[in-house]
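Structures follow.
First subunit A sits with subunit B, and in the next complex the same chain sits with subunit C.
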Partner chain A sequence: MPAVKKIRIIDSMRRTDIENSLKQSKRLDGRAILDYREISIETNVLQKTSGSASVKIGDSEVLAGIKVELGRPFPDTPDKGIIICNAELLPICSAFIEPGPPSEDAIELSRVSDRGIRESGMIDLPQLVIREGEDVFAVFIDIAVINEDGNLFDACSYAIAAALHGATMPTFKIENDKVVILEKVKPLPILSLPISTTFVKIGDKILLDPNAEEQTMCEARLTLVTDDKGNFVSAQKGKAGGFSFKEFNEMIEISKKKGEEIRKKIIKNDK
Partner chain B sequence: MSTIERKYVIPGDTIIEGDYRPLINAIKRNNRVISTRIGMAEIVRKDVRVIPLNGTYYPRLDDTVIGIVADSNAFVWEVDINSVFFGILQGSAVLGRTFSASRDSLASHFKTGDCLIAKIASFDRTRDPLLSIYGPGLGKVSNGEICKISMAQVPRLIGKKGSMIKLIEENTKCKLNIGQNGVIFINGAKESIVKIKKVINIIEKQAYLPDLNDKVNDLLK
Partner chain C sequence: MSKNNYIRTNGRAADELRKVSIKAGIIKNADGSAIIEFGKNKIIAAVFGPKEVHPKHMMRNDQAIIKCRYHMMPFSTDTRKNPSLSRREIEISKVIREAIQPAIIMEDYPRTAIEVYIEILQSDGGSRCAAINAASVALADAGINMRDLITACAAGKADGKIILDVDDVEDKTGEADMPLSILPNLGTITLFQLDGCLSEEEFKQALEMATNGCKKLYELQRNALMNKYFNNNKNKGV
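Presenting the complex of A and B:
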C-alpha cells in the first residue's frame, strides 16, 4: 500500500471564503467571532467509573472517566495523593488520525489537560492520603476523543471538570495494619473548577472556539485556563504566529468572562 | 447474449458455488465465491464482482476527478483525490517537455490548496495514479466551492442521462463539475451554492427515493 499523508488540507477557495467572512467579523457557520458552538455536558455516563462525563462542543465529542484506586505515593510527595491524567486520540475520531504511537498533538492535548487540573489544585491531594508515605488514593483520569472537529483542549477541560465535580472516592478502614476499602463512597474533595478557553488568530482577528478548519489555518493558538477566583492557572501557546500585548489583554478578559459562564453550566448540570 | 445475475450481499455471503472467477471485492474459498463488501453482486458469465453500496473512491483509468493539491516537490504535485491513493501530477505533464527541475519551481504554478479537475492517465494499483490536466474542461479552477458526496451516490447525482444535474443547473444557473471521486465543484452565485449543497445532502441521504427528481425540483423552486 502506498503511504498516505494524513493532513487536513483546506482548499484555497474555502480559505478565501473564511478570510472574507472574517473581515466582516462573521464565521461561515453563522457564529460571531467570540461565540462558542453549542456545548452539551452529560455526567455519569459510564457505569463502572467513579465519575464520568461526555462533552460535546459542536461536532467535537470527548468522553472522560475517573477511577479512584489505592496506590503508593511518589517518593518526593509522600503527603499527597496521585493524579494520573491521560488523553487519547482514537483513530475513529477523525480521518486524519492513525493508530500507533501518540502523535505530537495527542501528547500536547494530554499534557495541557493534565496541567489544567494539576496546577489549579482542583483536587485536594492531601485529603487523599491514607497513611503518609505508604498508602494514598490515586485518581486516574482517562479521556477518549470520540469525534474531532477542533478545540479539543476545551472539550477535554470541560469533560474533566464535569467528571471530577461529580466523582466519588471510596472510604476505608485500617484493620491489622492493612487498608480495607469499604463499599461506602464519599464525594471527591474538589477545591476549584478550572475552565479552559482556546483562541486562535486568523489575519488580525481573534476567534474563540475554533473548529477544525479554523484551527488548521490559524497563525497562532492560545489556551488559557482560569480557576474559580479568576486566577490564571495554566496556558499553552501553539503555532508559529504571535499575539500583540493588546490582543493578549483582550483574551484574558474574555477568558475570565466565558470561563465563568461555562463553570456555571457545569455546576448547574451536576445538580 | 449472456445473462447478468444480480443480488445484494454482505461480507461473508457466498455469492455462488462452482467454477467462477472472483474479480472485484470477492474472494474464492473452497470452490465458493465470497463477498468482502456490502453491495450488489454481479455474475457475468464466469466472472463475479461486487459493486459496493458505499466506500472510498478507487481510481480507474480515464475517470475525471477533482482534487486538491496537497504537496509539491521538485518533480511532481501530490493531489488529494478523496481516495486512499494520492494523485500524482508530473511537472513535465503540465509544463511540457522543456521542464527542468532546476529551473522551474512547481510551487509557482499550483500551490497547496489549489483545486484541479484532472483525468486519471494511468493506474495499476502498484503505484499512485498518474493524473493529466490536458483536455477540454480540465485544469485549475477557482471562484466556486467544493462539496463532497459519497462516491457511490455520484450516479444518482448525475441522474438518468444527466437529468438530475440538468435540473439543478437550469434551476440555479450554476455550473456543476462532478468528479467520479465524489468531489463536486460548484461555480455560481453564493445563494445558489448554499441551495445546491442542501440538495446534494438530500440526494446523498435519500438516494433510494423513486421520486427524488420531483423532490429536488420542488426544493429548488
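Presenting the complex of A and C:
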C-alpha cells in the first residue's frame, strides 16, 4: 500500500471558474443551482438477488443488491426482522479510492444510507418474523459504488428505494420444528419510499446534487430524507462549515418538493 | 397531568434539560481539557496542540488540521463495549470534527495539528452533543483562537411529543432524535443529524427547541471557563 493517501484537489483556477459561474447562478456543466443531473434507474439487473437496482446520477453510478435470508432477531427486538445495510466504495470507482479497510467517508455513506431505510420504517419488519424470538428473515442490502462523481448519498438512497420496491422474499413452512424455505416467493412488505436530497453550500449559494468537484470544494453539505407523507425521516450535515438558519429553512422546503419529483420517477420506473 | 404541562417518564418537562455540570482544566498534561456531566453522561475532552503534524503528509501549508477521536470506554455502556473503535464511533468522530472546525480559526495555525480526544466514561444518550460541549470548552481552555464557542443539544420526539435533550430510554423507545450543534453568536448550524420520523411542523418545532437548549448550554460553558480563569462565577474581567 502506498504511504500517501490520494486526495482530490481542485486547483485554484478551476475553483475560481466554478465560483464565478455560480455568481450568475450557473454551474460549469450548464445546470441551474437547483437542478439534478439526469437520473436513470434500472431495476432487476442482478439474477442472484431478491431485488436489485442500478442508479446513475450523471456520472455517479451505484448498484444495490438485496438478499433476504434466514436469520436470528436481535435480543431487544424479538418481534421484528432485521436489516443490514452496507455501502462500499470500490477501488474501481475513482482514482482516489484504494482497497483496504473502509474510510471515514465510506462508513458515513453506509450509516446514512442505513438510517434512511431504518428510521423511515420502509420495510414492515414485523412481517419478516417466522417464530418470535427465534427465526426471522434478514434483509441484507449491499451497495457497490461503481463510479464516483459526487452525491453518492442520493444515488445510494435511490438505488435502495428502487431495489427494495421490486424485491421479493421467500415463503416458508415449519416441518418437525424446523423452518423450511419454499421456492415460491412473495413481494417484500414495503411501507414507504424515503427519498434523499443532498445540498452543498459554496460561497453564499446552495446547490442541489453536487458533482465530485462541487462536493470537494463545498463548505458544508446537508442530506435530508423525506418520506411519501412529507415527513422528515433522517438527516446528516457534513463537511467542516456551517449553514445559517435561513439557509436551513430554504433547504427544508426544496427538499420536500424535489423529493416528490424524484419519488414519482422511481414509482414510474417500478411499473 | 395536563396537556400543557406535559411531564416525561423521567420527570422532566418537555423543554427541560438534564442536569449539566462542566468543569474546565481537569487534565494537567493536556493543553486544554474539560469534563462534562450531562445527566448520566460523564465525558472528558482533552485538547493537544497546535503541535507537529504526524503523519507528515496530512500537513496543510495554509491552515491547521484537526484530529478528533470520540471513544467509548468498555465500561461506559450497559454491556461491555469492545474497546476498539466501532463504525458508529468513527462516524461520530467525523461529525464532531466537522462540528467544531467552523469555530476554529484554522488559518492561524498553518502546518500544525490540533488534537481533540473525547473519552466517554459513562454514556446516557445524547453523548455526541455532550461531547461537543466539552470539546468546545477544552478548545477554549487550550487557548485556541476561536470565532465562537460550539454548543450542542438534541431535541426529539417520544410518546408523540417534541422534547428537548433526549436521554437513553427516550432514544430507544421514542420516535426521533435530532442532535444539533450551533455557533450561538454567529447563528451557524455546524452539526445536524436526524434519526426518526418528524412532520415538517414537528421538525421546525424540534429545531427551535434544540436551538434554545444550545443557548442554555452556552451559558454553562461560559461559566465553566469563568470559573477556571476568574475563580468565581461573577462576570468580572469580561
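The definition used in the following text is that the second predicted complex is superposed on the first by the 266 of 271 C-alpha atoms of A that agree within 3 Å, B and C clash if a C-alpha of one lies under 4 Å from a C-alpha of the other, contacts with A are read in each partner's own complex, and residues count from 1 in each chain.
Following the convention adopted for this analysis, a contact is a pair of C-beta atoms (placed from the backbone, for glycine too) under 8 Å apart; a residue touches a chain by one contact, two chains touch by 3 or more.
Here the structure is a predicted model, which means the values were calculated and not measured.
Of the two partner chains, neither subunit B nor subunit C is touched by A:173.
Of the two partner chains placed by superposition, only subunit B is touched by A:13; subunit C is not.
Measured by the number of subunit A residues touched, the leading partner among subunit B and subunit C is C.
Contacts of A:240 after superposition: subunit C is touched, whereas subunit B is not reached.
Legend: residue contacts after superposition of the two complexes on their common chain; A:131 is shown touching neither subunit B nor subunit C.
When the two complexes are overlaid on their common chain A, residue A:248 makes contact with subunit C while staying clear of subunit B. Residues 4-5 of subunit A lie at the contact with subunit B in one complex and at the contact with subunit C in the other. Residues 68, 70-71, 78, 80, 84-86, 111-115, 127-128, 142-146 of subunit B are the ones touching subunit A in the complex.
Within the complex formed with subunit B, the subunit A residues making contact are 1-2, 4-5, 7, 9-15, 17.
The touching residues of subunit A, when paired with subunit C in their complex, are 3-5, 102, 104, 107-108, 110-111, 115, 119-121, 222, 225, 227, 229-245, 248-249, 252, 256. Against subunit A, the residues of subunit C that register as touching in their complex are 55, 57, 66, 87-88, 90-91, 93-95, 97-98, 101-102, 176, 178, 182-183, 186-200, 203-204, 207, 211.
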